[in-house]
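Lettered A, B, C and D in written order, each chain numbered from 1.
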Amino acid sequence: MGDATLKDAERIVRTIAQTAVDNEAYFSDLDAAAGDADFGHSLSTGFGRLLEQWDDLSYEDVGGLLKAAAIVLSKAVGGVSGPIWGTGFLRAGVALSGNEDPSGEDVVAALRAAAEGIMQRGQAELGDKTLLDALVPATDTLESSLQAGGSPQEAVAAAAATARTSAEGTLGMLARRGRASYTGERSRESVDAGAIAIAVMFENVSAEIGEA
Amino acid sequence: MKKFVNDPTQFVPEMLQGIMAANPGKLTYVPDYNLIMRADMPRDDKVSILQGSGSGHEPAHVMIVGKGMLDGACPGDVFAGPPSDFVIESTKLLNSEKGVLHIINNYTGDRMAFDMGRELAEAEGIRVGTIVVNDDVAVQDSTHTTGRRGVAGNFFVIKAVGAASERGADLDELVALGNRVNDVTRTMGIALTSCTPPARGTPIFEIGDDEMEVGVGIHGEPGRRRDKIKTANEIAEELVEAVVVDLPYESGDEVALMINGLGGTPISELYLVFGIAHAMLTDRGINVTRSYVGEYCTSLEMAGLSLTLCKLDDELNMLFDDPADVAMRIF
Amino acid sequence: MKKFVNDPTQFVPEMLQGIMAANPGKLTYVPDYNLIMRADMPRDDKVSILQGSGSGHEPAHVMIVGKGMLDGACPGDVFAGPPSDFVIESTKLLNSEKGVLHIINNYTGDRMAFDMGRELAEAEGIRVGTIVVNDDVAVQDSTHTTGRRGVAGNFFVIKAVGAASERGADLDELVALGNRVNDVTRTMGIALTSCTPPARGTPIFEIGDDEMEVGVGIHGEPGRRRDKIKTANEIAEELVEAVVVDLPYESGDEVALMINGLGGTPISELYLVFGIAHAMLTDRGINVTRSYVGEYCTSLEMAGLSLTLCKLDDELNMLFDDPADVAMRIF
Amino acid sequence: MGDATLKDAERIVRTIAQTAVDNEAYFSDLDAAAGDADFGHSLSTGFGRLLEQWDDLSYEDVGGLLKAAAIVLSKAVGGVSGPIWGTGFLRAGVALSGNEDPSGEDVVAALRAAAEGIMQRGQAELGDKTLLDALVPATDTLESSLQAGGSPQEAVAAAAATARTSAEGTLGMLARRGRASYTGERSRESVDAGAIAIAVMFENVSAEIGEA
């Protein structure tokens, strides 16, 4: 059971990593609108390094996997994304630490821990137009869908749909954190790159586990 | 892509190797952390000074390592602040009894990396001081945002603390001095073209042949507005006005005036604008007594320039007069 | 046109005013002859050194006027050698008992202006010495043509005679020295983009996004060939090979290596290429003991660079070590 | 008679000057092919200055007019064109010095003196692909046409035709002087800018005096 869970977690992390690598140009283009066009490059560098070093990672459980990933991301990536994604993975890993067979609730708690860590690290709140504006509502949906008795597959699919709507909803928002905030009112003209990345990752994870 | 480059992912390390090759004996290069440091540092009788923003702004900061300026610089990839372990390890390598001073440009990525670096260095018993530079008046300062960007003005901060540290100042004095310089320094920039990050291979933004971007960021971030290209006189007037009213600089003030090229604008045009801005300041009763024209903080090959004023006093004049022996000297 | 400019016909005078504004007390500006000269010159115990090619190559030559380099520069309009009366009048203003040294890049226009200038100055009893610089190996040298162009290599000629003149050398010694430096100096350049002269407003040549011009001239003259853009390694190899075989520079030789930016290429790329070229020379047993990276002789905002080698000996090492205090210093 | 001649000479010099000013962009474009794209700008600066200072020029005869023009051109223009055109006008002026009413033969001699001065100044020979390759054949035609009894108008028209053919004949020639010579074999691909300028000037002078 714990072993099967770890395999699932590995598939999910690999899917997230592959999503980052495959969408390098797309994510950078999104960052070009109000930023410096390197978001895709940063993510792809970090997650690419993770995939390269995959066989050398040492971990015992899901929490360990996430913490190992956090260290690779922090070391490989500079700019905002290294600390933000490193912190997210680290906090989620800590939340699941020693948990051999995390439940759906545990996963929700881990995602909440990740979001909180990111808020602290980036001094960002919900509504500041960052990836949090996709991550947090998607986590809410995941939780409510599971509470309503949905299967993990159903719950992730629902969360992905929310992530998509929320990410696209960042169009029109005023950026208050990150490079986009320098552009003031002009930041309203584009979606947030990080939020879209969260949506694509949820969608790809949903497709991957739906196929299982 | 109109660049001299091999594998774009090796752009920064290959540049660092070039800096090293040009300065044997003077500099040490630590490839694992993109660190260029003075070969004769650290020394326990001098505070070590470390910078480390994104690459792509050369000569800032890897080319201004040397006596009287930085003791080390550990840049990240192009336009990305360094990963935090570059900061931690570089801080350890530069550790001195008198402490290590971090000079940080006010970008979220840079700040987070240095926050983490400071925390971990202090945990190891290293004394760390921090100065955050935020001289760009193009960005509306507000408590709701990340605040102003650090741009070319960080040259003045570094020059002052670099000189003072050679004269023996301790960490707290340097932090106070650096903040004082930052407080009297203001910059605004304007771009005529976008730059092209090597890994991306295409320009960050599209801009018409007859357009300019006013208040542009040094990473190609959009500025205050897009406008039709104007004459040098009109551009100088806008930059002078934006910078002067911000502090404000007043009649009778003595200032250093810097016209900084963003990478693709020839030095002839920088001097042309310098002459115009100098006359405009003189008309306002502001006394330009120190002149800086050239490239200090660029944005790859972006055509454009920024104007910086730094208000002077006796102490700053003395420190700015002190020699600086940097990697990029061309004579 | 992506330039900071007012009236294009005033581009050169407005630039000269900027140089003057940035160097009060040190330089004198004589608008009638586009002359920038040292405020403390002429002096009868030192030969005066005058350059004057076209403008658009800054910092060459108006920005390298100063103690240890040029005593004066009287450039013509962008890419046009000075009218001959600029040369005559500038020579008169710099007249010294020890004579006036003309340093001329080998272009027909420049040579004619200085020929006429020399004739008339000598008629007025002024002693004039002449050095013609022609370091560009891209041009096939032949008795049937005007011969090679003078490009970035003239920096080494000027640095040597500038230092020697400060040490008291007389006119004949300086002419011999300058010719000796020119004889051991070779350059080749490569362009990725054309430049746009302000008065023209459009690029001199069209070039594809994936093309480069090998052996380009510093006025946008076509070079040896047009080619697909190559990697930095391949470009460095071609430049090193072309320059090395020409003199030839041989295993065991001690050289200065210069990577000179043509105006639009950022210093990061120049250092990247420097590192590669340095390694290639080392592989050939050629010992790079002096390093020059930056902009010395540009072509407005052209993206590109040139590679120069100058073979060293004890005398040149001593002269190149001497200080030079030029208008364009940025620290 | 001398007065009418001077008026004619003035009209011709003004026509040449106006041609330079009107063709600035065209002449520079020609120079762009194998040179540095400033030939039109240089000519236009020099002859523009001449037109500006026209009323202040002091001269008594045709030779004096040409010498006065030579001085303006030499002072205003750098590069190759200042010395070349300055020398050309100067030598022509010297050749006509003191000549109150120059004949057709005198004009031919003045043009030959100009060409010879240019050859000395620029160390150029016929066939080096410079403006000499239009100026010299045009002068030859002018002479032979006059000798054959042609009117001045007819002779100039014939000279203009030769200048045009000769200028266009520079296509394919190897440049051995000036900036174009640096390009070696590539110089064959374009006409010489200076030679074309000579042709256009002859044509415009022919049109001007034909109309008289």
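Just so we're on the same page, a contact is a pair of C-beta atoms (placed from the backbone, for glycine too) under 8 Å apart; a residue touches a chain by one contact, two chains touch by 3 or more.
Computed from a prediction, not measured in an experiment: that's the story for all the values here.
Taking the definition of touch as given, a chain qualifies here only if it contacts subunit B and subunit D alike; those chains are C. Under the contact definition, subunit B and subunit C share no contacting chain.
If you average the CA atoms of subunit C and of subunit D, the two centres end up 33 Å from each other.
Per-chain Cα centroids separate subunit A from subunit C by 55 Å.
For this pair, subunit A with subunit D, the centres built from the Cα atoms lie 74 Å apart.
Contact with two or more other chains is made by no residue of subunit C. Residue positions of subunit A with contacts to 2 or more other chains are absent. Chain contact summary for the complex, subunit B toward subunit C: residues 1-6, 11, 14-15, 17-23, 55-56, 58-59, 63, 159, 192-193, 209, 229, 231-233, 235, 263-276, 278-279, 288, 291-296, 298, 300-301, 303, 305, 324, 326, 328-331. Residues 9, 54, 76-86, 107-109, 112-113, 116, 138-140, 144-146, 149, 197, 199-200, 204-205, 217, 219-223 of subunit B are the ones that touch subunit A when the two sit in their complex.
Those residues of subunit A whose C-beta lies close enough to touch subunit B in the complex are 28, 32, 34-38, 41-42, 45, 74-84, 121-122, 176-184, 186.
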